[in-house]
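Letters are used for the chains, namely A, B, C and D, taken in the order the chains are written, and counting of residues starts over at 1 for each.
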Amino acid sequence: MTAFMPLRDAIATFVNDGQVLALEGFTHLIPMAAGQEIARQRRRGLTLVRMTPDVIYDQLIGAGCATRLVFSWGGNPGVGSLHRLRDAVEHAWPQPLQLEEYSHAAMAAAYTAGASGLPFAVLRAFQGTDLPANNRNIRRVACPFTGEELAAVPALRPDVTIIHAQQADRVGNVRIRGIVGVQKEAVLAARIAIVTVEEIVERVTDEMNAVVLPSLVVHAVCHVPRGAYPSYAHGWYDRDNAFYEAWDGIARDRDAFARWMERHVHATPDWAAYLRLADVR
Amino acid sequence: MTAFMPLRDAIATFVNDGQVLALEGFTHLIPMAAGQEIARQRRRGLTLVRMTPDVIYDQLIGAGCATRLVFSWGGNPGVGSLHRLRDAVEHAWPQPLQLEEYSHAAMAAAYTAGASGLPFAVLRAFQGTDLPANNRNIRRVACPFTGEELAAVPALRPDVTIIHAQQADRVGNVRIRGIVGVQKEAVLAARIAIVTVEEIVERVTDEMNAVVLPSLVVHAVCHVPRGAYPSYAHGWYDRDNAFYEAWDGIARDRDAFARWMERHVHATPDWAAYLRLADVR
Amino acid sequence: MIVAAARALRNGDVCFVGIGLPSKAANLARLTHAPDVVLIYESGTIGAKPRALPLSIGDGELAATADAVVSIPEIFAYWLQAGRIDVGFLGAAQIDRFANLNSTVIGDYEHPLTRLPGAGGAPEIAAQAGEVFVMLRQNVRAFVSRLDFITSAGYLDGGDSRQRLGFRGRGPTRVITDMGILTPSPGDNELQLTEMYHGVAVADVRAATGWPLRADSRIRPIEPPSPLELEALRSLALSSPG
Amino acid sequence: MIVAAARALRNGDVCFVGIGLPSKAANLARLTHAPDVVLIYESGTIGAKPRALPLSIGDGELAATADAVVSIPEIFAYWLQAGRIDVGFLGAAQIDRFANLNSTVIGDYEHPLTRLPGAGGAPEIAAQAGEVFVMLRQNVRAFVSRLDFITSAGYLDGGDSRQRLGFRGRGPTRVITDMGILTPSPGDNELQLTEMYHGVAVADVRAATGWPLRADSRIRPIEPPSPLELEALRSLALSSPG
């Protein structure tokens, strides 16, 4: 059920203009290579879904791939603003970006509802805040037993979810180690799941109760070493904090950003070439 | 936060007449020793909650400890009926037993809601069945986005949940290996959690992403080797299928059952003595 | 009966399997014509490949050979409810002409003659699996004209009454018994006899059914087990304790 | 500021910690007077005991030293929403006199002057943690008389307006700044200055506040960091990269 293919082919096959796309990974295991490949292939009109849009979505937004963002926290963690995101929201550059804004708790619940085949999620959230007034997808539902009013949000159901993991096996079972974030739910909520991995091994079932995504729900596996750089892969490599700081300078200026994208993304054929150019080892 | 104590003391301290009690473990890791100790201490008026009441609840019901049962499947797995449960329902012996009956999916969702601090759970369930007509805690709720009607059940919130696990460490962190069932949710849904374990070790954190219940949510740990017998503990010992078959003969007859309970439970001081008497090694 | 059920599985089907006959049938399929069938047990084992037949639904062998072991809430929410199951197997104490099933109670719910184990995973398997195979020995106590309790929905009152409730799954597409196979009639969805084992007569099957059973005008014979199937069955049985 | 926040933690408190100042304060507490404080990061690490200060909320050091690593849905549903958190730390871009917080937008939501990162976990931390410690540098851009956007609820319009919404948590019990500590006044819950660092005058604090700030008639001085606290701070900083 799982196809093994180069990342370029997986994006070309499964990611189309106008789709709803989720790239997840909470600080850890961010699928940077996949995000960059989407920019390289110049997709347009995407709805980007992600709890914490960071550098990966800053690139896609700045490159004009996205018209809508579904999110709960959009910053450069530990550094500051995402300048491309801000430029899109504050000045509609390079094009307007519609926001659908939640909290972490609500995004997590919405992915869980999507993974569960339910139309909506119930949670205690948003009391006393201005978020519901600015997002008509935040509604209320009454408990049929106590009458208590709770928040309701629609299930997230991306067309495609992309994550990065340490290992897949030859059948397509995928193994995640360390901080797992919302990846399992994001994969199970999607119509199509693509997983980039550090390594392809014979079997990933050695330890029970690890987070394993059965190959059943994995449509494509792409072998992309260092595919989460500058984020990290537990047991493989550390986070490159310097890159996150450097990004602040790159993304702050439209021209500097455009030059960086041209040189690092469009002038490179793939992720391996980008890593060589950026001298990442 | 976790107290370490003999099982006898844990039951004496935390389990009181009239409480709502959940003993969970899906075929695997059934907390048999704890159930038997509750019978030994002759608790009364309990509401017993469990997806699959099997031999463990057959004993408690036959011994007159329970007045209410919340469940989804009550049989002797692979053997047949639970005769004490049937005798209570069909002939009110030794006393009437009120039933609150769900399906597995609904019980799992109700524990999840309890663990999440929500008053109810939403799921697709019970369409076209006679269960809602016989359980007024099965209601309906409409999706505020699509209008679709779904099932709603109230959260399960036991006073005490008891489970069995392979290991706890000296801090009280608990480790479960193999089939995990609904134990995590049952523990997190309860006011008090008691865990009997095969072994107490220095630290249980060696592998990340295993199912670990932090000591924060574990009120008491009791060292009870073979505490899940005749159910099994993955990596420790196998299921004793012969016992489940033998139970059919014991429980079928009220007198045989009473004699068995007297000899094996009330005439033994604790689980270790029971295991010696039953020649379990 | 086991062989007939095994044959009904397609290679690659994702099956939600209960213990007993369904587990035997699904594993037989896996060892013969459908090596890529994916077995999901409600205990939370996904892709289990047991070498011996498990005796309980939470057997350690299932966990040890699975691709993933997940919690019970996940199995029911993320897998069954989310529509990832192609085929669900169900048994029951009673079945009616529209393949509704009773595994809850014989007699009145409040004052039962016989209290049965109850629903377990059945109501949601019946509703949400892509299709359902029912396995049940055929006799007048089990094949009744009216159920005392509907635990799991088949075609309800027949016709489009199932469809109107908006179920995800198609419902029971075959009822496999020890006499033959019954399938819903096109149109009203009443069960009719469509296949029979060698040596069984339509009159025998009707005598074992508590309502006037329809029989297809062209009942197909069920081939006896092949040597390969018999050998696979034996190997599963031999390696199992008890 | 970090030291003052650390001191406010009781040994054994279960803290929901964000990166930056809160993480520093909570780890300082853990290394000094509150060794049994339990740190929960929203990335899913429960009981993390980092040897160096993590730079991101999903730092590998947190996973490696945690008692358990769980998913994000679990952290928010099973831990925060279920009421297992004693103290939540929050920062923000703006705060008002009733300790409501804005981390979403400066200006109009549709046409913002400055788009801030947004809510993250804050709205539910503010609602559901047993109590909330706010950490924020004090100046007139941050301490404003009216928020452009309420991201996280403090005492709303003051008085019992928070209580009437049925929140689980008590709300912000202290606002720790680089000048002192503000706490809600009994009764109307408007923030008042109750503690100050040495060398700070009430007039300084008022000048850094965008509304007429109440000051307690008996403002307590905040003791300077002890040698033990300074050493622990240094050891955390030294062992951290960057």
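Descriptive notes on the structure:
Everything that follows uses one rule, which is that a residue touches a chain if its C-beta (ideal position, glycine included) is under 8 Å from a C-beta of that chain, and two chains touch if they have at least 3 such contacts.
Because the structure is predicted, anything quoted here is derived from the model rather than measured.
Looking at A-D and A-C, the interface holding more C-beta pairs in contact is that of A-D. Chain centres here are Cα means. That of chain A falls 28 Å from that of chain D. With centres defined as mean CA coordinates, chain D is found 40 Å away from chain B.
Chain C has residues 63-64, 69, 77, 81, 168 in contact with two or more other chains. In chain B, the residues touching two or more other chains are 116-118, 123-124, 148, 178, 180, 185, 208-209, 234. Looking at which chains touch one another, you get A-B, A-C, A-D, B-C, B-D. Of all residues in chain A, those touching chain D in their complex are 26-28, 51-52, 71-75, 77-78, 81-82, 85-86, 89-90, 101-105, 108-109, 111-112, 123-131, 134, 148, 178-182, 184-185, 232, 234, 238-239, 241-242.
Within the complex, the chain A residues that touch chain C are 1, 115-118, 171, 173, 188, 205, 208-209, 212-217.
Residues of chain D that touch chain B in their complex: 12, 14, 38, 46-47, 63-64, 66-69, 77-78, 81-84, 168. Per the touch definition, chain A reaches chain B in the complex via residues 116-120, 122-124, 137, 139-141, 143-146, 148, 150, 152, 154, 176-178, 180, 207-211, 234. Chain contact summary for the complex, chain C toward chain B: residues 19-20, 42-45, 55-60, 62-64, 69-73, 75-77, 80-81, 100, 104, 109, 112-115, 117-124, 127-128, 149-153, 156, 162, 165-168, 241-242.
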